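Below you'll find the structures, each written out as C-alpha cells.
Paired with chain B in one complex and with chain C in the other, chain A is shared by the two complexes that follow.
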Partner chain A sequence: MLRKTASAALLTISLTLLAACSGGGTPGTSAAAGDDLLKLAFLGGVKTPDPDTAYDGPELNLVNSAYEGLVTYKSGQDKAELTAALATTWSADPTNTVFTFDLREGVTFHDGTPFTAAAVEKSFQRRTDVGEGPAYMVGDVKSVATPSDKQVVITLDAPNSAFLDLLASPFGPKIVSPAAIEAHPYSADGENWFASNDAGTGPYRYGTFTPDTSYQLTAYDGYWGAKPGYPTVEFSVVSSLSTIQLQLENGELDGLAGYSDSTTFTALQAKEKLKTYQFSSMQTPTMFLNPKSATLADQATRLDLLAGVDFTDLATKALGAVGKPATGVFPANLLTGADDQQKITHDGTKLASLAAGSLKSKTIKIAYGATSADAKNLSDNLAAVLNAAGITAQSTGYALGTYFPELEKGAAGPDITFFAGFPDTAHPDAWATVFYTPKGGLDLFGAEVPGLSDTLGKARETGDQQLYAQVASQVSESGWWYTVATSLGTAVFADDVAGVEQSYHPVITGVLNLAVLHPAGA
Partner chain B sequence: MLRFTVRRIASLIVVLFALLVLVFLISRYGGDPVRGYLGANASADAVAAMRTRLGLDQPIWVQFADYLSRLARLDLGTSLATRRPVAAELAQRIPATAELALWTVFFSVLIGILLARVYTLKSRFSGVLRLILFSAASAPAFLIATGGVLIFFVQLHWLPVSGRTGYGPSTGLSGMYVLDGLLTGNLPYAMDALRHLILPALAASLGPGVALARVLADGLSTSLRSAYARTARSLGETESAVLRRHGLRNAASPALSLLGVQVGMMLSSLVVVEQIFSWNGLGQFLVRAIGGADTATVATISLLLGAFYVVVNALVDIALAVVDPRVRLS
Partner chain C sequence: MPSWLRRGETLAVVMLSVVLVAALIGPLLSPYSSIIPSGAPHLPPLSAGHLFGTDELGLDIATRILEGTRTSLLTALVVTVIAAVAGMLIGTLAGFVGGVLDTVLMRVTDLFLALPATIVAMAVAAGLGTGLTSSMIAITVVWWPLYARLVRGEVRRTARALHVEAARMSGTRGTRLVLRHVLPSVLPTVAVTASLDIGGVIVTVAALSFVGLGAPAPAPELGLMASAGLQYVVNSWWIPVLPGLAVGLLSLLFNYAGDGLRAVLRGKGA
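== the complex of A and B ==
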C-alpha cells in the first residue's frame, strides 16, 4: 500500500517537474519581445501613479511618461534647463508674480479631449483639492485666467522666482483631461481611478496595470511630439535587487534605472552585454547636527568635529561608485562654484584634540533611515572614523516609521544623522527653504540660523544669486549641516538599448525620459 | 463532539481578539506612517495636516476603537503603504497566497509520503538520500530558495524566479492562476503559472515534507510492529489490510497534528518565500505595510493569518477527534 502511494507520489512530482520544465527557457510576456518591448523593473513596489499624489520617485517613470506639464527640464544634461512642454512660450512679469503661457496647438489628451487653457485651470484646482505633498507647488496661485483657448495667465499671491521651476519639477503640476477630472472625482478613501488609468497628453498611456506586479505603458498614437522608441514599456515589480541582477544578466530584463547600490553596480559593470551609466543628480547626502545635542550644541566643538572629518575620504569610501564628494553647500548645478563654497577647511588634528578634550568620555549617536544605503554607509563609516580617533560613536539604523520620530526627541535623540535628500526642483529655494528652515519639512533637527529665513524670503522674490551665496555661507559657518556628497544616478541597460545618455533627469535619480530610449541602430 | 467544537470556536475568538490588540498596539508604537505615505519631501504643514486627517493625533485607544468599529462594518480602509483600498488588495493577494500555500501543502504531503517510503528502504542509496534530505530539512526556506534559483534559473534556465506568470493576470474567477488556466482551457497559461509556482512551493515545502515523513514513518513502523498488528496478521489479514486498518489509522494521528503545526509555520516561511520570488501575496503586502508603519493594514493581515492558523489547528483537532476517540475523551 505504502509502496503504491509512494510510487504514485513520485510519479506525480516527476510529471509536474517535467511538464513545468519542458517549455525550455523562462517564459516571456504576452507582449511581443525584441524591438517592440522594453522590459524594466521596479524594486519592491511603487506608489500609485496619480499625478497629484505621486511624490516618491520611481512612480514618476509612469506619471511623467503619460502626463506633461506646461514646461519641463531637458533630459540628458547635468544643468537643469527649462524647455517647452504643453506651453510653447512663457514669460514672467518683473515682480515674478504674473506668468503668461502660450499653449501648444494640436494636442489631445489620451481620452480624445482637445487640450485647451481650461484644462490648466482644472488641473491646478485638482492638485489643490487633492491636497497632498506636491499641492504646495500651486499653493500660492491666486488665479488662473484663460484669455483664450491657447493662453493662460497665472497670478500668484506673492512674488516667487522659483515658480517656473516648480512647474518644471518632476513632481510639478501635470495637465489632466478636464473630462476625466469631472468623471472621476478624487477620493482619498476609495478606489482611485487615476491609480491605474491616465488622462494625460504624454507619449505613453497607461496600459495594463496589476498593482505591485507589473505596469505597462503603451505608445500614444496621437502624441504631438516624436514617437517613442519602444511601442511598449513594461515594468515588473521585483522584491530583491539580487533577482533583478540575475534577470539582467539572463536577458530577462532590458534595464534598470536607479536602485543599484555600489556593490551591485560595480558587479554589473563587469558583465558582457550590459552597459552601465552614471549620471549627475541633485540628490545630496547631507550630515545634520542636532542643536539640542549635549555634545554638539557648542559651536566650537561642532565646527572642530566637522573640520576633523575628511569628508572627501568619507564620501569616497562610503558611496563608492554611486556618489562623489561634494565641494559646495547647495546640490550640484544649482549655484555657480564661486557662489557656493564650503567654509570649513579640513584639519586632521582636530579629532584627536576633541577626543582628549570636549568629547572625552562622551558618545556620539549617529542615526540613519534604514531604507537609504547612502545614509547607512555614511553613518557607519563616520562611526568608524570617530572611533578610530578615540571618540566613541554609535551608528544606528531606524525603519522609515521610526526614523523621523527619533529625530524629534530633541536632547534624547541622536547627535548626528545622514539624509540623502534632493530638492523638488532645480531652484536653490527648493533646497534651502526645505532643508535649512524649521518650517521647510526636512530641517531634520529643526536647526535655525538667525536671519536665514528672511534672506531666503527676499531671494525667493527676486531670484538674486548673491542672496543664495549668502545663505550658503551662513549655513556652512553655522555647522548645523554639512553637504557631504552628490549621489550619482545609475542605470544598467542591455547593450542593444540606446538613448540612455539622453534620458536621465537633472534633478532626481531613478527617473528616465523613457520616450527617448530606442533599440540600438533604429 | 458538538461541545468540543463549540469550545474550540470560543477559544478561537478569544485568541484572535488578543492577537488583534497585541498587533495593533505593537505596530502603532512602531512608528509614524505619514512620511512614508506622503513622500519624504513633504512639508511640515502637509505632514501635520495628514496626521490629523488620518486620526493619528488621537489617543491610541480612540484609534483602536475606530479601527474596531470600521472592522465590524467590514470597512478595511485604505492602505497607507500602497494607497489602495485594503479590501481590493486582499481580494488580489489572498488567492495568490492561497495558491502558493495549497501547492506547498500538496508538495509537503507528497514529499512526506515519498520519504516515508524511502525511510523504510534498506539500501545504501537510501542512507545517502536520507542524509541529503535531512540536510535540506535543516536549511531555512530562504537558503533552499536561493539554491533553487542558482540551479534552476541561473544554470539550467528551466524555471522563472519572479512573479506568478509571464502572461499577465488571470481572467478566471478564482485568482489561482493554475486553476484558472485549467478551467478556462488555457493550458499554456496553466503550465506557465505552474512553472512559476514550482520553485517557491518547493522551497517552502521541503522542510515540512521531511518532518512529516519522519513522523509518518516512525508511526507506521511502531504500529506495524505492535501487538494488535501481529494479532491481525495471525487472524489472516493481508499486509495491505493491516497497514490500512491499523497502521495508517494510528500513524495518522501524530502526522495530522504535525501537519497542522507545519501549516501554521509554513505561513511564516511563505512571507520570506514571497519576498524572494516577488510573489504578490499577503506576505509581500505584510512586509510593505510593516515598512510603511501601516498599523491598520498590519493588524488586518495579522488577523487573517492568525485566523487561518487557528482555524487550521481547530480543524486538525476536530479531525483528530474523529480519527482518534482518545482525543474526544481527553
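== the complex of A and C ==
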C-alpha cells in the first residue's frame, strides 16, 4: 500500500513538473511548409462540416470556404455590409415579403455541374429536410420561383426585414449542387456524405478529412472569383491552447483564428515572427439573472446589484486583451449608440448596502459553461468583486451536458450565469428574439418582459430602429440581462502571412475568409 | 534516534509537523484573504508581498495553498476516521460472528473492492452535487471496504490467540470479549493503515476537486486551484504547479510518516 500510494504521489509531482516544463509539444512535427501550405489549428475538434448542420462556429472555416450563399457580408470590416456572392443583385418588395435575386453567371460546382436557379430551391429544400438548428433561417420561405436560370424570386409567409441578413449569416443557407443532393440524400441515422465531401462553389474544396485529427482544404481551380492565396490550407486538431501556443512559437503552425485567452494572446504579442490581430465582433458576453432566484427575484435588489458592479472594470479585468466593455444593450454595430444605451448607472455604494441588507447571509451562485473562457473569467471575477464587498458568492463551471439542465432548475439553480453568445446574423432581431424571449432558445433562465415579444414582432416586419431602441430600454430596465462586454476576435499569424486584416468576419469570432490570406509579398 | 526509525521517516515526521502547524495557524497569520484579490494578477513567485505569487484573479497563492492544505488535511482526517470506524464495525462483526453474516458482509465488501474506487467516488459525488461534503461522502463510500477486509482478518486471527481463549474460558463473552481482548490487538494495524491512507485520501479529494466535483470557486481547494490554473501553465506556471506540488508533497509526507509509525509500532512489538 505504501509503495503504491507513494508512487502515486511521486507521479503526481512528476506529472505536475512535466506539465510545467513541456507544454505538450509534438516532437518531430515538420515546420510549416511555406507559400503552398497554410497550417492552422482547431482547438479540440469541430462539428460536422455539413453546410446544413454546421451551427457551432469553428467548422465554418471549412464550410464557408467550400460553399457560398446568395449574399454574404464583406470580410475585414466592423460594420456588417451585404455584398454579392452567388447573387449579383437583389431587391426586396416594400413589405419585406418578396425577394428577387439575379444570379451570377459562369459559376460551377466542385462536381463540375453548372450553377443555375434550380440549385437555390434544391438547397433550401435540403436545409428544411435536414431540419437541424440553422433550418429556421428558411423556415418562413413560402416559395422559391425560378423565372429563368439566372433569377430566383423568394416569397415568405410573413414580412421579415431580417431575411437578407439571414441569407448572409455565416450559418446562412449555402447553395449545394443538386446532383450531389440527389446522389447523397441526407439521413440522420446513416453516414453523411457531406461530412467529408463537399459540393459547393467556394474557392476551396474539401481535401483529406481525418475527423478529430486534421482537415485539409485545397483550392478549386474552377472558382469564379480571385484565386486563393494558398493552394492548400490544413487544420490540425490540438487539444490544448498551451500546445498551440508552443507550436506557433516554434513555427509548427502558421496561425490561429480565435480561441486565444487574454494571457495567451498577450504572451504571443511579445513574440518575434508572430503578428497578433484584434477585430471587432458581435460576440457579446452577457449576464443573465434568474427570475426564480430567491435572492434576485426582487427587482430593487436586482437593479442595485447591477448598479453596484463596476462592469467596465469587471470586463477589463476579466477579458483583458480579448474584450472591451460594452456600453449598449445590443451587440456592437447593430444599432446606433444613441438608440442603444444601458439604463443602469454605476453606484459604488450599492454593494455594501446589499451586503448589509437584502443579501446579508445569502450566497449568490454564479454559473458558466466550462468551455467558455470568457464566461469563466467573468464569473470568477464577479465572485471576487462580490466577496470583496461582503456578499458571499460562488463561481461554478458546468460541462456542456450539465450547464443548460442546471439553468433549468429554477429556484434550485444558479442565481446568475454568464454566456458569451453572438447573433446568428447582423440584425437586431437575430439577437433580441433569441436572447430576450423565452421562445428564442437562448433566454437562458426564461425571463420575460411583458410586451417585449409584441414589440419585436412589429420590428421584425419593418426593421424600425426605434422599436429596437425601445426593446433595448425595456431589457435594461428589467434587470434580467446585462450586456457586459464585446468579445474581440483574435488571430495570431506568422509574419509571413498577409491579408489577415481583410479576412475577419464582422459577426462571429474565430472564422476567417481564408481565401484572402496570402504569403507576404505575393 | 531509535534504530527502527530511519532518517528519511524522521525527516518526514518533522516536515509533516511543520506543514501541519503552518496549515493550522498559517491562514491566521497571512495578511490576505484567500478569496479576495490582494494584488495584480499573474504576479510570479517571490514578488513583493506574495511569496508564491498571485493567480489570474490576483489572489495570493501562498494564502490559498495554506488554507487548501488545511481543508485537505481536515477532509482526509474525517474521511479516514469515518471509513476506518465503519470498516472496523463491519469487519469485526463479520470476523467475530462468522457464518452467514460473515459471508454476506464480505460479499458486499468484495463488491465495493472490485469497483474502481476513484471512478465510483466521482459517480457518487456527481450524483450528490458539487461541494466538499459531497466529496467526503463519496470518498468514504469507497474507502471503508479496505478496513472491513483488514479488520475481519485480524479479528479472526486474534480470536484464536491464547489470551482470547483464556478470556473466553474465564467466562468473558460477546461485546466485552471483543472490546477488551480482540480490538486492542487490531487497533495498531488499523492505525498504521489509516496513517498510510491519509495521503491517498488527499490525492483523491484533490482529484475530485480537479474535475469540478469539489467546492465551487473561489474555495481554496488544491485540486480546483491546479485545475483552474492549468490553462496558464505555459505563461504563469506557478498558478497550477504550486497547488499540484502541495498535493504531491502532502501525500508523500503522510506516506513516509505512516511508514515511520509502522516502524515505531513494530519496534515496540506491535
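Keep this in mind: the second predicted complex is superposed on the first by the 490 of 522 C-alpha atoms of A that agree within 3 Å, B and C clash if a C-alpha of one lies under 4 Å from a C-alpha of the other, contacts with A are read in each partner's own complex, and residues count from 1 in each chain.
Throughout what follows, a contact is a pair of C-beta atoms (placed from the backbone, for glycine too) under 8 Å apart; a residue touches a chain by one contact, two chains touch by 3 or more.
Since this is a predicted model, take the numbers as computed values, not measurements.
Engineer: Who does A:380 touch here: chain B (first), chain C (second), both, or neither?
Structural biologist: So A:380 only meets chain C here.
Engineer: Report the partner of chain A that touches more of its residues: chain B or chain C.
Structural biologist: Result: the larger residue contact count on chain A belongs to B.
Engineer: Between chain B (first) and chain C (second), which does A:399 come into contact with in this model arrangement: first, second, both, or neither?
Structural biologist: Once the two structures are laid over each other on A, A:399 reaches both partners.
Engineer: Tell me the contact category for A:388 with respect to chain B and chain C: first, second, both or neither.
Structural biologist: second
Engineer: With both complexes superposed on chain A, which partner does A:241 reach: first (chain B), second (chain C), both or neither?
Structural biologist: In the superposition, A:241 contacts chain C only.
Engineer: Looking at the overlay, what does A:450 touch: chain B (first), chain C (second), both, or neither?
Structural biologist: Neither: A:450 stays clear of chain B and chain C.
Engineer: Where does A:213 make contact in the superposed view: on chain B (first), on chain C (second), on both, or on neither?
Structural biologist: The answer is first: A:213 touches chain B but not chain C.
Engineer: Please indicate which partner A:261 is in contact with in the superposed arrangement: first for chain B, second for chain C, both, or neither.
Structural biologist: After superposing on A, A:261 lies in contact with chain C but is clear of chain B.
Engineer: By the touch definition above, which chain A residues appear in both interfaces, chain B in one complex and chain C in the other?
Structural biologist: 1-2, 5-6, 9-10, 12-13, 16-17, 19-20, 23, 246, 399
Engineer: In the complex, go through chain A and note every residue touching chain B.
Structural biologist: Going by the criterion above, the answer is residues 1-3, 5-6, 9-10, 12-13, 16-17, 19-21, 23, 25-30, 44-45, 47-48, 53, 55-56, 131-136, 171, 188-192, 195, 208, 210-214, 236-240, 243, 246-247, 250, 252, 371, 399-405, 421-422, 424, 434, 438-442.
Engineer: Where on chain C is chain A touching in the complex?
Structural biologist: 33, 35-37, 41-42, 56-59, 130, 193, 196-197, 199-200, 203, 212, 215-219, 226, 228, 230-237, 240-241, 244-245, 247-249, 251-252, 255-256, 258-259
Engineer: Under the stated contact criterion, what part of chain A meets chain C in this complex?
Structural biologist: Per the stated touch rule, the residues are 1-2, 5-6, 8-10, 12-13, 15-17, 19-20, 23, 241-242, 245-246, 261, 263-264, 266-267, 317, 365, 370, 373, 377, 380-381, 383-384, 387-388, 394-399.
Engineer: Which residues of chain B touch chain A in the complex?
Structural biologist: Against chain A, the touching part of chain B is residues 30-33, 35-36, 38-47, 49-50, 53, 77-78, 82-85, 88-89, 92, 107, 110-111, 113-114, 116-118, 120, 149, 152-154, 157-169, 191-192, 194-195, 197-198, 220, 239-240, 243-244, 248, 274-278, 280, 284-285, 288, 291-293.
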